[in-house]
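Quick notes on the structure that follows.
Per-chain residue numbering starts at 1, and chain names A, B, C and D are given in the order in which the chains are listed.
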Amino acid sequence: MIVIMRIGCSQDDISRVTNRIVDAGLRVYMPNGVERTVIGVVGQSFPGLRDALESLPGVDQVIPVARPYQLASREFHPEDTIIDVGGVTIGGREVVIMAGPCAVESDEQLMLTAQAVKAAGANVLRGGAFKPRTSPYEFRGLGERGLRILAEVGGEVGMPVVTEVMCPDDVDLVSQYADILQIGSRNMQNFVLLDEVGRTRKPILLKRGLSSNIQEWLLAAEYVLVQGNEKVILCERGIRTFENYARNTMDINAIPIVEKVSHLPVIADPSHATGKWYLVPPLALAAVAAGADGLLVEVHPNPDLALADGPQSLTFDNFRLLMSQLLPVVEARNRKLAISGVRVNP
Amino acid sequence: MIVIMRIGCSQDDISRVTNRIVDAGLRVYMPNGVERTVIGVVGQSFPGLRDALESLPGVDQVIPVARPYQLASREFHPEDTIIDVGGVTIGGREVVIMAGPCAVESDEQLMLTAQAVKAAGANVLRGGAFKPRTSPYEFRGLGERGLRILAEVGGEVGMPVVTEVMCPDDVDLVSQYADILQIGSRNMQNFVLLDEVGRTRKPILLKRGLSSNIQEWLLAAEYVLVQGNEKVILCERGIRTFENYARNTMDINAIPIVEKVSHLPVIADPSHATGKWYLVPPLALAAVAAGADGLLVEVHPNPDLALADGPQSLTFDNFRLLMSQLLPVVEARNRKLAISGVRVNP
Amino acid sequence: MIVIMRIGCSQDDISRVTNRIVDAGLRVYMPNGVERTVIGVVGQSFPGLRDALESLPGVDQVIPVARPYQLASREFHPEDTIIDVGGVTIGGREVVIMAGPCAVESDEQLMLTAQAVKAAGANVLRGGAFKPRTSPYEFRGLGERGLRILAEVGGEVGMPVVTEVMCPDDVDLVSQYADILQIGSRNMQNFVLLDEVGRTRKPILLKRGLSSNIQEWLLAAEYVLVQGNEKVILCERGIRTFENYARNTMDINAIPIVEKVSHLPVIADPSHATGKWYLVPPLALAAVAAGADGLLVEVHPNPDLALADGPQSLTFDNFRLLMSQLLPVVEARNRKLAISGVRVNP
Amino acid sequence: MIVIMRIGCSQDDISRVTNRIVDAGLRVYMPNGVERTVIGVVGQSFPGLRDALESLPGVDQVIPVARPYQLASREFHPEDTIIDVGGVTIGGREVVIMAGPCAVESDEQLMLTAQAVKAAGANVLRGGAFKPRTSPYEFRGLGERGLRILAEVGGEVGMPVVTEVMCPDDVDLVSQYADILQIGSRNMQNFVLLDEVGRTRKPILLKRGLSSNIQEWLLAAEYVLVQGNEKVILCERGIRTFENYARNTMDINAIPIVEKVSHLPVIADPSHATGKWYLVPPLALAAVAAGADGLLVEVHPNPDLALADGPQSLTFDNFRLLMSQLLPVVEARNRKLAISGVRVNP
């Protein structure tokens, strides 16, 4: 940590700062000859100290030298994390395609969709049983019945399944059915929930919060990692900006940035990022071109009648078309599409 | 709901839209003579229908006529909601001052603070026992021990107490100690938690999410109201903007806007909105000048050594100074400072 | 325009609105049977009327039916605009690559760069002579000398040239040298400048403002179009978001959205969008995968020593590598790279 | 400037950085014993060097120690700047009220308004002659005729006048009529225009850009100051946020922050910040409570019929009411309302 003093600060101001650092059990170094007094802090500092120093008289800025996350950082863990889910690998050379309806509505709906997306090349089946909704008046999912359908269909078709868990009490229940636990963007900073899924050994698909920056996202991942669960898959799903033609703005920059600063795999969800089905294919291609390790795409047999998020779902035909366009882009990045996996939970 | 068609859409496009509306059990009206075809929807529509219509061919925009929240809306409930907490009224002519440390650290710390803020004119005692933290490496509060200290000190000094509840499982526990339950900004869209506190009959202090707009905030309040709990106090605590000198930007606009569109009381938290103690007094005065029904202010006996958020806390002296500056501003708005209340929970 | 009244508004409120509309020379229609009173406005309304109606008592919202731009809109002009610049076509099946240094520094620097980027497949030469800088203490470009170098090198190498014009007085001067006039993002709403370049018959490369939405961007294009200059090329160059690892966030969503709502070509500038050279290739690939009609890329013989924006410039080697990766992505979109053009200005 | 290296960077990486610094004519210091290698730069560095160092291998971050503005900074100029305009002082103990219509429409309109606002206590008359408009189809002002009316009415009534100048060519013309030159928010980074008004000796009212942070705003002020014009009045006029009930969000935080980091006076424009007349009074009171040195308020004899921005204008009655509410808030801050001034230009 480095403390930069104001021009014209007094000797007392400087002593107050150095004393405060020493009181905290750390050491001080003070280089000479710069434009203004700069005080270096030696040792393992902590967030509260930064704030405390910043409010002392004569202090201009306090600059943390270390990034606040460690387990999620590529500096401390240079090799890519590769996560195996029933034979599908995420974060390596393969590009994984997770597809399925926003919400599980019925056996038939999910079975039809699973067969169609698997035939087109998808590797993991998605489907929501618990749905977070901005308004209390909207459809909130089938609950445990939805989980059961998801697990059965995944087992029959031969695809691992991913679904969202919304509160700490449901982690055990959802873990009985799902191969990957999804944390939704509104829960990215639900720290009690992050602790709880960190205690499982399931892969965690962690969506980025709508207005979170990458550091906060990696700190949320750190909550999971610090509990001993090393299988975190980051998922960019659009951020809030001033443009509101689409529901959100896919932050494509985030994909190569995460690749640079973290070893965790990162995938993209163009369906939630745009909210409009006709924007999904160009954004899906863009995400993979930028280096995403996979996609999470909504597909529905009849999007117009879907109980949730129909207008952002692809039809089976559109999904097949997307998969055919995707292949040359995947190859242009010197990668390949993942092969099929199987359900992990029996 | 009103559907606006593109110029040059076909008769088929129009029929597809009107059929879809009729299939949903609603009626259609189609005025003549405007620049383009406009289709009105008569009856109680639902969010999914909007999205479905928006994705049909030939449709330019779909515009909801009704606001999506009702119980929180002033249109449906023109009179101000006034909430009584142990004799302190919130949302009426009185301006209520909630003050105390960010986190409860010890009996002495809290007792000293409670006595000081009460003597200076505060009406409600605040103090966190469960603290949400962006990083897993920071102090997370004393838990139930903190709740017990808070309740005891509130009882002795004679002040109702407010504290945060972070997960559904803790609602019963926190309700045994607190007079007002606080929902933090990161949990504004934790819908399971909103349902749960909606089932209590405690006043709920609902902080606005960092990047939420007012409609989303009122929809979060709607989650509580729809469960039968009518005692929601909104709390503006700063939003995220591109300016980062202060931690957040207090959205003072929100105060008169909420007053216009909702009947719920709205207070302001200048401590979290700024993160710097020297910005708290000007923002506190501004909030009350703009019409806030109260303030939530952090005060600490020794902010420099506080375990959480020290640099945004006022000393006792600075809090007394703020209270003296506040009085003429309160009177300029033709209001008065609230008188002291008592603990509601025995 | 549609006026939505509040529930419980009075008959007087309604009359005041309808009178105001009729006074403005327009007609009114009032459908029956909806949840609340809705008043339609028939005829060519104007922006001031909307605001005026919105502030009348009893009015809840006023909703414009028409988009505010017309000449830039695909509704009014369904066919793609294709712009020819010395044999390079922009907005058709070809993907155009504009490359060169941020600022023109010397004959040698520009000649070396032009030869290298042309050999690698670039079609248009870029180079700044007038540079807008956030701080008054930074390098502001060579001015007319830079223009002269740019034109000469473009002529010799056989590439049309694009450069920025920063103020109305310079439009004539810059037009004597440049084949395409660039309007920078900070000038997107410099309306006097837009008027002035609209009066030329040069192609205009219009960068999106850092915090502008797409409607404002198209309204800025409308300023140029309304003067009779139909050759506007839109350029997405990153928007401001809360993420600050990179300088800006490339809004990839904007590319397919612009394609949907406007007939104007749209290209992407990954160099300014990211500010870091190693993020340029993934973002360039992503933009083309999403459907961009071209790229604007900074290339410099020695980026480390560049007078402006060095760290976002590619070396010649990195540019060649990007071009080789780009080809399969271009083909995956069923497009082709543009062939070389020539200088238009003699 | 301080360069922070990555953990595990090589000795070569470190040498490359130190050589680059020395090549730029600066010196290096390297403290020992911290968590990672940190390299200090001694001497007057420049922005390009920061970017260059940041892109070298092994470098994690480069942190500027000095703020990039100097003339606008309170560190270099601790005393408040107080600007006299015809006897009205701005930036001292007085709170100045600038009022008038958005656009000058006619002699009568302006004379009526000027008499009314002066009688109610306003000190400076505002009125636009050149209006920037987002759409090319809106009213753009009376031009020089508007300036003449403004100057005449100001002279007759006895009030200094403020009006906007939109392009460098108009600076001389507008200077002949106006006592204060206003730079609009869309021109905050129109650097050619800033240079030009910096060459006059008129007070400059510099509005903050819609999405600018405070540092960029002060750098824009620096453009004026560096030309030798020390009379810059900053004006907060609302920023763009995700909330869109009001046109913009008044950044009240900015007022005490500017007071802390700069010596320049700062006023607030609640009319443009909200776009709705009924939000103007609460925001005006809030701005003054937060420490603003003045207000810029739109007032119109008949807001409903105004050619520009009618709905955000106060009627004469509402303006008088605001002034009466303002007085106790001004006194609560231990300040006083400014007395009347006179036209400076004959």
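Basically, a residue touches a chain if its C-beta (ideal position, glycine included) is under 8 Å from a C-beta of that chain, and two chains touch if they have at least 3 such contacts.
Being a predicted model, the structure only gives us computed values, none of them experimental.
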Quick check: more C-beta contact pairs at A-C or at A-D?
A-C
Quick one: point me to the chain whose Cα centre is farthest from that of chain B.
C
Using mean CA coordinates as chain centres, what's the gap between chain A and chain D in Å?
39
Where the centres are mean C-alpha positions, what is the separation of chain C from chain D, in Å?
27
For the pair chain A and chain C, the C-alpha centroid-to-centroid distance in angstrom is 31
Junction residues of chain D, two or more chains touched
211, 240, 242
Quick one: which bits of chain D touch chain A in the complex? Just the residue numbers, please.
2, 4, 6-8, 27, 29, 31-36, 38, 40-42, 44, 60, 63, 65-66, 75-76, 211, 240, 242
Partner chain C, residues of chain A touching it in the complex
211-214, 238-239, 241-246, 248-257, 260-261, 273-274, 278-279, 282-283, 285-291, 325, 328-329, 331-333
Contact footprint of chain C on chain D as seen in their complex:
20, 46-48, 51-52, 54-56, 68-69, 132-139, 166-169, 186-187, 189-193, 210-211, 216, 219, 222-223, 226, 240, 275-277, 303-312
